[in-house]
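Structures are listed in the sections that come next.
Two complexes come next, and they have one chain in common, chain A, joined by chain B in the first and chain C in the second.
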Partner chain A sequence: MKRHNNKAWLYLLPAVLFLGFFVVYPLVDVFIYSFEEGYNSASRMFFGVGAYNYSYILHDPYFLQAVKNTFILVIITVPISTALALLIAAGLNSIKALKKLFQTIYFLPYVTNTLAVGLVFMILFKKTAYSDGMINLVIKIFGGGPVDFIGGPYWAKMFVLCFYTIWVVMPFKVLILTSALASVNPQYYAAARIDGARKLRIFTKITLPMISPMIFYLVITGFIGAFKAYSDAVALFGTDLNVAEMNTIVGYIYDMLYGSSGGYPSYASAAAIVLLAIVLTITCVNSLISRKYVVY
Partner chain B sequence: MKIQNLTKIFPSRNKKNEADVTAVDDFTIELTDSELVGLLGPSGCGKSTVLNLICGLLTPDAGRIFFGGDDVTELPPEDRGIGLVFQNYALYPHLTALQNILFPLQNLKGADKLSKEAMLAKANETAKLVQIDGLLDRKPGELSGGQQQRVAIARALVKTPRVLLLDEPLSNLDARLRLQMREEIRRIQQRTRITTVFVTHDQEEAMSICDTIVVMRDGSIEQAGKPQDVYDSPANLFVAQFLGTPPINVFLGRVSGGVLYAGDDAILTAGGVPDQDVYIGIRPEGFALDGNGPLRCELDRVEVMGRDVSIVSTHGASVNASVRSIVSAESAAVFGEIRFAVRPDKVYLFDRETEKRVPAELSAGGRAGQNVRRM
Partner chain C sequence: MKNKSLQKAKKRAGSAAPVSLHVPAGTGNAASAATSRAGRAFPVRARTLNHKPVSSALTYTLLTLWAIMVLFPFYWMLLSSVKSYGAYSSEYVPAFFTLSPTFENYRSAFTAVPLGKYLLNTLVFTAVTTSVMLIVTIFAAFAFARLDFRGKNLVFTFFLALMMLPNELVIVTNFVTVTQLDLRNTFTGLILPSVASVFYIYLLKENFAQIPDSLYYAAKVDGTSDLKYLFKVMLPICKPTIITIVILKVIECWNSFVWPRLITDDASFFLVSNGIQEIRENGFGRENIPAMMAAVVVISVPLIVLFLIFRKKIIEGVLRGGMKG
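Showing the complex of A and B:
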């Protein structure tokens, strides 16, 4: 098409304006901030241009802790929650009685507020002067000593955070996978049985490839969601996450902007760009891997 | 293969308003080995249900199924050693044609397990048999309907099943391809000598390639036998009407004093039949134009079909709206009232009540032709 059509641009204008103002401009702006040293949003002044902001955050132990926490969270919760959701969805799909009831139960966490769920987890896990918490009671029954999950050792806290995250993201995945499983034409299962395939083989050779686009979608959004985790940690450990050693990258960005140690938009911007780079890389790697395994 | 008293009842969705549906009712048949059998009937007659019962996807409410001497009634489909070609093929869309054909072989366990090379050799051999050996790298989505059909047949055949089942295998193909594929099915079946059950609602399809046809209605067998035998000597009105294109012409008739009347026309003499009201069935090819013929019809139109001419006319006693006869092309070009002679061997009598065949010795001549004068 050689002919330039001005009308086309006119029709595109609202979308272009909207995306330009609210997506492209902020992104570019953050990128610029991240290279402006000591930018002050009140005076709109900065001292110089350079990579100092990146150098600062990459040497900041709190940032490194946040990156480590985020990666642990991602690596543990995404595979476990997806696999578990697949298992539950397959189970739900194969029962007839009470299917709707179980579906509702599994979906409840999705419509429950994150902070409210965090409160429940606090009650389950927190060890206070008066009570060890429900989980510790169970541990005691099996002969273990009480563990302080909320204010105790790092791995105990990380365990609670991962447990919580998995629990929160699961319902959506179960919902998506249940409908994906239900959409597979049952004729393929009949054909596979005629072809002499057993249940497990049908699942791995027929079912999984057929729902692979949905699994891929969940893995991608799962990775992105987990990298952007913040409210979950706040719900469990309060706002002072650096002290609790439970900060995430987004938490670090927030602290740099508004936290008690805040007021550094340049550092926050640099951290945001680092997060963007990480998520972008992971998503690209995911896409490359998926080409081999996802069948559309 | 033997099927005894097979019965399948589908419970009604709503117990109060509907009765249970008996899809297959006391179905008994015995098939000889390496036979191509056509299960034939109008849609909803239970022929697909019979197929699903044979392959084990459905369990019968009563009756037994034997392959050879083995009772397979209780076996799940994966243990029956059957091949099934689905109506819409049900090829696995994420696998290539070769992987689709290999899939049943890869499922073999224990003593039947094959080496990779043996599997590949077997798959290639089967692909050659159905003539798709050049297309094995393609996914089902990249194949035409006829090619998908061949892949589906190869997948069903590759593990050398004891029984091959085909569920309306030609219904998704266009007319020309259908003719070609039915020849193919016949060729492949004769090459492999596997007992094959073929479900179709198209009587022409079944008649043309099957060794035996089984005509079904409402879950029971109406008649079974060699296609030509069933066509030439239908057991009842339903079978007579179901087989043949164009369909048989049915007249309200009666036998009186050894003469068969269609309305007022005494068309044949009928020996050995007591006086009674009957349905007369006359095959379209049983008519011959004859200026002195006993059957007097009013010409409606003439349809030229090349080799033959189809004469569409009306007759007062006809059950159908029109009488359709096929005569050779030379004897066309007629107007107004036309008269036919009928061939006794193409005429069948059926009881008005039971619709069962009434045996009769029909012949032309005698008092036939002395029509009652029309008012």
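Showing the complex of A and C:
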């Protein structure tokens, strides 16, 4: 093939320009920002270079709260949503009637606006002076007292956040797992049945190993996605997440940039880099663990 | 562990489904074809894991329960949106249905807050971002798949590396850049950072690369220019991938919240996500939940309708685009 150096670069030019300006340059810049001490947007000045920004955010109670919230969210939602999605996908694959209908319904949260539906969840869970709300009605039926899930105790709020996060991420996981399960060669099942294997055994010895790469993939993307949680929390608790004690790492980054607490891009950068470090570490650990269990 | 028919299916679907290690594009078909083949070969009922009536009933119960979980919020928002404000506020115990539905809330959703404006903004933002992104993506994918140039592999690897990094890293600088360029509260500022997407370039490049070289040389012999070849031959062949990309991007645009929130504080540039947040915090008076729900319904409907029309395409697209975390 003959070389088309100039022409090729011409075709690539728009992509290179946009990526260079809005992705590559910012990537370099964010590291520089994170080491510029005392930078502030108003004066565009900084007075030193060092790790002060990191030390500042690591001592900031809001940041620690955000890190704690994010970790709790990740640890609760990733395993539950993956397991639940596996259960539902297995159910979907074992039925014929109504399968299409169920699949369509399950996919709906994927195409809805997180902020908009979050508002509905807030109303379902909220306890106001006028009404205890829908969920409290259900709790009452089972004999519990009303809880304010939106403005009340920490764990009640965390529960709603986890619940909503799971609700939002389920469509993708169910979809991926359903198709992974459907692609397992049925001859394996047939062979196992001839050998007289029981259902649970078939599931753990054939199905799980066969779809383990997909489960692993979902766990990794689930971890990364949950570490970047933000919109869900805003949808439920409003934009002032620090007051609600429900801030996330990403929320902290944006708060440092913008709004009443904003104007500190260097703190935001430092927090973004801490987030990157956490995500990279988790991904590496996941990969190491998966080598033991995933069958490729 | 891998078996023949899977590999064959994979080859057929080819790298058009880069993500799906074991899930070729259009898995549904491939898998069901495999099933029926196996069904003929083995008289044993191959597919049914659960064939006892008890476990089947259990399965349906589980699936129905989750369906209710998914649908209930939608039902509740529809229900609340047609309750009158007075009726809603006087319900200490929320009612599960209403006998006197009203559309008053929808009227106030469009008159008391600029919901129409938010919708229009989102529409413009989505249309422009998607089309510019598509042009940038098509040209870049063409260069990577069809043209040979020095440093191609290096540049492509670099592109792939960019794909792995979280968006949050670049948003800090982009925010500062756009602010300094005085592009806050403009469509340009909203759109610019989201038009180049490495993932879509990658997806399309993989698909372009599957088109046999012979077609290109035949076109060259006929004196077709590269541009004409791209638009008359490559794009029609790769139409499914283009549709996938458009669908994913439209969903992404319609739901984007973070960047618009940073870049706009003037309500006349709000997108629906920011609009709904604004409505929640300032519009209607905080307690007018029915009107809020009407706004939520209006915002949710377009994508849901789109989904119901293009159900198959969207599900397939998300399956293929799965890598995008």
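Here, the second predicted complex is superposed on the first by the 268 of 296 C-alpha atoms of A that agree within 3 Å, B and C clash if a C-alpha of one lies under 4 Å from a C-alpha of the other, contacts with A are read in each partner's own complex, and residues count from 1 in each chain.
Here is the rule we use: a residue touches a chain if its C-beta (ideal position, glycine included) is under 8 Å from a C-beta of that chain, and two chains touch if they have at least 3 such contacts.
Since the structure is predicted, the reported quantities are computational estimates derived from the model, not experimental observations.
Asks: Of the two partner chains, chain B (first) and chain C (second), which one does A:P213 touch, if any: first, second, both, or neither?
Replies: Second partner only.
Asks: Taking the superposition as given, does A:N5 touch the first partner, chain B, the second, chain C, both, or neither?
Replies: Second partner only.
Asks: Which holds for A:R193: it touches chain B only (first), chain C only (second), both, or neither?
Replies: both
Asks: Regarding the shared-chain residue A:R201, is it in contact with chain B (first), chain C (second), both, or neither?
Replies: first
Asks: Quick check for you: in the superposed arrangement, does A:V295 touch first (chain B), second (chain C), both or neither?
Replies: Both partners, chain B and chain C.
Asks: Of chain B and chain C, which one touches more residues of chain A?
Replies: Of chain B and chain C, C contacts more residues of chain A.
Asks: Is there a shared patch on chain A that both chain B and chain C touch, and which residues make it up?
Replies: The overlap between the chain B and chain C interfaces on chain A comprises residues 185, 187, 190, 193-194, 209-210, 295.
Asks: Name, in rising order, each residue of chain C that touches chain A in their complex.
Replies: 1, 3, 5-6, 9, 20-24, 27-28, 30-32, 34-35, 38-39, 41-42, 44, 46-50, 56, 59-60, 62-63, 66-67, 69-71, 73-74, 76-77, 80, 89, 91-94, 135-137, 139-140, 142-144, 147-150, 152, 155, 159, 162, 165-177, 179, 192-193, 195-196, 198, 201, 226, 251, 254-255, 257-258, 261-262, 272-273, 276-277, 280-281, 287, 289, 292-293, 295-296, 299-300, 303-304, 306-308, 311, 314-315, 318-319, 322, 325
Asks: Which chain A residues qualify as touching chain C in the complex?
Replies: Within the complex, chain A contacts chain C at residues 1-5, 7-9, 11-16, 18-19, 21-27, 29-30, 33, 41, 84, 87-88, 90-95, 98, 102-117, 119-121, 123-124, 128, 130-134, 137, 167, 170, 172, 175-176, 179-180, 182-183, 185-187, 189-190, 193-194, 199, 202-203, 209-211, 213-214, 217, 221, 224-225, 228, 230-231, 234, 238-239, 250, 253-254, 257-258, 265, 268-269, 272-273, 275-276, 279, 295-296.
Asks: Flag every residue of chain A that touches chain B in the complex, lowest number first.
Replies: 185, 187-188, 190-198, 201, 205-206, 209-210, 212, 295
Asks: For a test of understanding, state which residues of chain B touch chain A in their complex under the given definition.
Replies: Residues of chain B touching chain A: 55-57, 76-79, 82-84, 86, 88, 90, 92-94, 103-104, 107-108, 155-156, 159.
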